[in-house]
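These are the structures, in structure tokens.
In the two assemblies presented below, chain A is common to both, partnered first by chain B and then by chain C.
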Partner chain A sequence: MSNESEKLLIVNNLATTFSTAGGPLPAVSGVSFEMLRNETIGIVGESGSGKTVLSRTIMGLQPRTNVVVTGSVLLNGNEMVGASEDFKRGLWGTEVAMVFQDPMTSLNPVMRIGKQIDESLRVRLGMSKVDAKARAIELLELVGIPSPAHRYSAYPGQLSGGMRQRVVIAIALACSPKLLMADEPTTGLDVTIQAQILNLLDELKERLHMSVVLVTHDLGVVATRTSRIIVMYAGRIVEIGDTRDVFHHHRMPYTRALLESSPKVSNASHTRLTTIPGRPPNLLKLSDGCSFAPRCSYATDRCHNERPELQPADEPAHSFACWNPLPTTRGASA
Partner chain B sequence: MLRYVTRRILMLIGIIFIISIGSFYLIHLLPGNITVVIEGPGASPANQAKLFKLLGLNKPIYVQYFVWIKNVLSGNLGTSFISQTSVVSTIRAAFPIDLEIMVLSQVLAFAAAIPLAMRSARKPDGPLDRVLSAGSFTLLSVPPFVIIVLMVLYFAIKLAIPNIGPSSYVSFSQDWITNLESLSLPAITLAIGSFVLYFRVLRSDLIATLQEEFITMARSKGISQRRIMWRHAFRPSSVALLGAAGINIGGLLAGGFVVQYLLSIPGLGYTLISAINQSDYLLVQGIVLVVAVGVVLINFTFDFIINLVDPRISRE
Partner chain C sequence: MTDTTQPLLRVRDLQVTFGRGRHAVSAVAGVSFDVFEGETLGLVGESGCGKSTTGKALMRIVEPSGGLIELQGIDLIKQKGRALRNIRTRMQMIFQDPISSLNPRRRVKDIVAEPLDCWKTISGHERDVLVSDLLSKVGIDPAVYGNRYARQFSGGQCQRISIARSLAMRPKLLICDEMVSALDVSVQAQILNLLEDLKREYGLTLLFIAHDLAVVKNVSDRVAVMYLGKICEIGPADALYEAPAHPYTKFLLGAALEADPDSPMHAQVLEGEPPSPLNPPSGCRFRTRCPNATQRCANEEPLPQEVAPGHQVSCHYPLSITRK
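Here is the complex of A and B:
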């Protein structure tokens, strides 16, 4: 189908386990997927489903102590699992960069934003002070910050949340990464600003020929911007497929529950929003069965005792992990 | 920023005014009659009354204050009744010694505390951190006058290293090498207390800062750990350190007195203690005023530095 050089990212059986006082905590388990160049992939799931840990592990940015990572992450041919900090440092910024979730905490409060941008340029690309400043101002302009030359010397505290997130994006883009990990890039922002930031990411992705991993809990965000979606629950992939298929032909009850719990414009006013009963499981006390079973209305004994593996659906590249999948909506015609 | 500085300066003037009243009034609180001190115990009551009037002590106290403050502002702190020398010239001779000890001790303390706190904070509860934390805690519980005595006993007497023991002080202009040798033990003694304070404050703030998201962000840029520590973690972690340093250095001016006295180093501390013993009230008053104003100015300076380091403070 696609030859190896078109694959930017190959994740195979990735697991991230934190050692905690309560025992080993499997934040991510058995995750495998591939990503092509110039693709945008969405990772969705509730809080605590392992999205953020997964995106950081792919980058090799997990904490340096009390964590065990197994499996494999091939990023543009570079194995990230087990790589030394020095090796990964050589890839960060240039091969892969991250847009962090909360622009209120991800910028250094006592460093002028311009300095935070041109630091990468000077350290990683070896630019001169003057060149780096000029490039940093260009980057500020690129991410839509008005009067960038003036803002260059502002402190983060002098900017609004939306402006700060633009700065975070500018920092991530500074060394032209091939892969951009956007970890809930709009969660901390107003709804109107959210759309602006997401459109900006889309536009930059096209202009700079990047691939983007868009991590979010908001399905509305990924619907129109991604080609494929990974649905995560309790640290595992429970459904993966083309965006269209996940939205319209999902088989995993959790995916449906997630979709139903998003508000829709087409709903009549005062429609009660569907919620998913219960809470995500405690990762320290996972059962042998499907992690979603306790909250699932279709669950049977088998669901509680035996974990379903990903199995192919009718559509190509679409899989789900469920013993009692929803009937295929392709119906008899498929 | 300008508004902040103006406000602070106005506050500073107010504080110094209050200090001046305090140190002026100090003389009046002292027991005994100043005329007896000056004329000796055998003076006749008539002579005493005459002197009392001559010194202006019969005037209302606020008038006395204004006469005094006018003199102080024009650089005149009076002439000692005991030594017949001007208080200002005595202080001017002694103060550089205090300054030198202070600068030496602070350079030593910061030079040791900052890199060690950084290494400790990188691996909290690691072997180095445990050793340093336990060691600094032990040092914290030993007061400076014990440290100085032990050091004199060991280095100056047992090892017989020349020029570092008591009464070996030589001025800097006379022989700077001997001068540095003679001040080395007091500087090290005061540095130890400062080191413990700075190390502990900076270490705990660094550990907290290193948990921050912007440190992970800095790491994701692919910059070195060293650069993350110095450029990203150090500055936001140094606010408490600077606050502690401001208070500590002020305290050192006073804390160094005992050490100076034990080694007969003729700084302000030694001079003050001798002045108290000789009931040289004007000299006591002058030194108290100078030290108090010095402490306030040091604190003001550190507040100002904190502002430069963390721009969020003056904005709030």
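Here is the complex of A and C:
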């Protein structure tokens, strides 16, 4: 097998711009990264950082109008940018599938869950009614739903939030996708249920040899579950690298601020939190410089006027976009 | 308990039941705790455990069906009409969704002034001075933003305005119900720090209700853990997190995700989901998911017992506490 075929996803200079009443809104710009087979990658950022738009653009799920997508998304050799709806539909389910954030609204409330799983099996894989039902029950069992044959005919309203998210995962897995995009899969679920769902995703990834993109605002979710992390700010990648490198040897001040501003269970109570002053920028009024410069304590004139590109850090596959990076901590830290 | 200091808020066997007869759900099933002047009591639990209902029952936004709520020695459940309104000025609540808890079509300064206008205890000029002062305290420039409408603000700013409004009547007790859970981490940190500053400045006592264990630990002096309408463990924040005595607390802490790639993967994940409060298990309510449960747990409801000073647990078989 050549090196190229090890790469499941190649995103190159991707940009998604919405046209709004206030002018063009660059929700995602200049995003490039690659993903290997059987890898889990985390995309983290605050609301409005473009992480959801990026994941939807990769899937080709952007709205039909008022949006311009440029660049390239090569998914298992298939170009998604500019592809026709029919072509993309041929890839959804078998090549790439998505688990959406809100399990309450992503299921049809008046359709039995079994039918919702059957749907893609029958349409996409051309299974017979009987085969599809058997496979759907198998899938329900796979995602850990107790008494799957019985639950097959349940309505979403009869299931709890955690169970519904399992059903959503079962639907996504129905046609054995090579890439699973999970957009905030556990937001809104309780911590104990969140742990169950994340463990399930981990286990399924190994069992089905999938790659998983975990999109989240919660650094705790990606810390132990991903091999690499992409940190996004104002529609751009500001730091990317192996999970450990990003957590321990980050160079971009925003990454550090993000890590330090989240309260930790291991800290004593009443520990003063480090805050980032100000708010994320208005994407309609981005400056030519670094988008984080107005909130950054290290910012210089250059940061305000000239945009930093991603540059390699000491570690392989670790890069950051900053003119005044934090000193490297390699060797100094334990 | 032999506490010499009089608690600011005393809650005994608080019960809230929704519906009647066969459909009765006991959302809060006998909750007792004290909140002492100047402290922050954190109330954590998963959704449906009754933590928000407890907060609302204290304000009598929902009516308790039994029990005792005493604020500074006054029984709140017995009060009604004007007397109740009078006492309510001493306690205020901040809600989860900052945007929907403010009227989008009102000006910020009018929102903050509303409690003052209701009570008309001070002159119009004093009122304006106080409103400006409150807005600057929460980090919103009254000269620039005072006349703007609530809809023009982001979630974090709306939560600042909610805090200013809640402080207008100089309350003794502030009940914060999931006040930062809708905010991004960087904004959340700003609001949590602001809350700590204001607590010190105004001598506030807080009841901080949230599901996020890290957030609760950060602000609380003591923490109470709720499961299915009951408190299963209450104790000093640091001690409770370090050595939980109730198996449920241990699982809850184990499931909390630490933003550290080297943190150990949870050895044990709590299986299943909480049972329906329509039909709670007999005896200990956690027994259906508890690995240590025995027949005794099904027959006999565990009563709170002290495992360390100020640290109480409702479990027949509390986990051993490592004493320092």
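Simple rule for what comes next: the second predicted complex is superposed on the first by the 328 of 334 C-alpha atoms of A that agree within 3 Å, B and C clash if a C-alpha of one lies under 4 Å from a C-alpha of the other, contacts with A are read in each partner's own complex, and residues count from 1 in each chain.
Keep this in mind: contacts are C-beta pairs under 8 Å (C-beta built on N, C-alpha and C of every residue); 3 or more make two chains touch, one makes a residue touch a chain.
Computed from a predicted structure; not experimentally measured.
Q: Looking at the overlay, does A:L284 come into contact with chain B only (first), chain C only (second), both, or neither?
A: neither
Q: Determine, for the superposed model, which of the two partners chain B and chain C contacts more residues of chain A.
A: In the superposed model, C touches more residues of chain A.
Q: Touching A:M59, do we find chain B (first), chain C (second), both, or neither?
A: The first partner, chain B, only.
Q: Which holds for A:G93: it touches chain B only (first), chain C only (second), both, or neither?
A: first
Q: Between chain B (first) and chain C (second), which does A:V68 come into contact with in this model arrangement: first, second, both, or neither?
A: The answer is neither, since A:V68 touches no partner chain.
Q: For A:A149, is the partner it touches chain B (first), chain C (second), both, or none of the two (neither)?
A: neither
Q: Starting from the residues of chain A touching chain B, keep only those that also touch chain C in the other complex, and list them.
A: In chain A, nothing is touched by chain B and also by chain C.
Q: Can you tell me which positions in chain A touch chain B when the two form their complex?
A: 59, 61, 85, 88-94, 97-98, 100-102, 105-111, 119-120, 123-124, 155, 157-158, 168, 171, 174-175
Q: Under the definition above, what is the set of chain C residues touching chain A in their complex?
A: Where chain C meets chain A, its residues are 46-47, 154, 156, 184-190, 192-193, 196, 211-215, 217-221, 237-238, 241, 251-263, 265-266, 269-271, 273.
Q: Quick one: in the complex, what on chain A touches chain C?
A: Residues 46-47, 160-163, 190-196, 198-199, 217-221, 223-224, 243-244, 247-248, 257-259, 261-276, 279-280.
Q: Enumerate the contact residues on chain B facing chain A in the complex.
A: Going through chain B, the ones touching chain A are 212-214, 216-225, 227, 231-232, 235-236, 309-312, 315.
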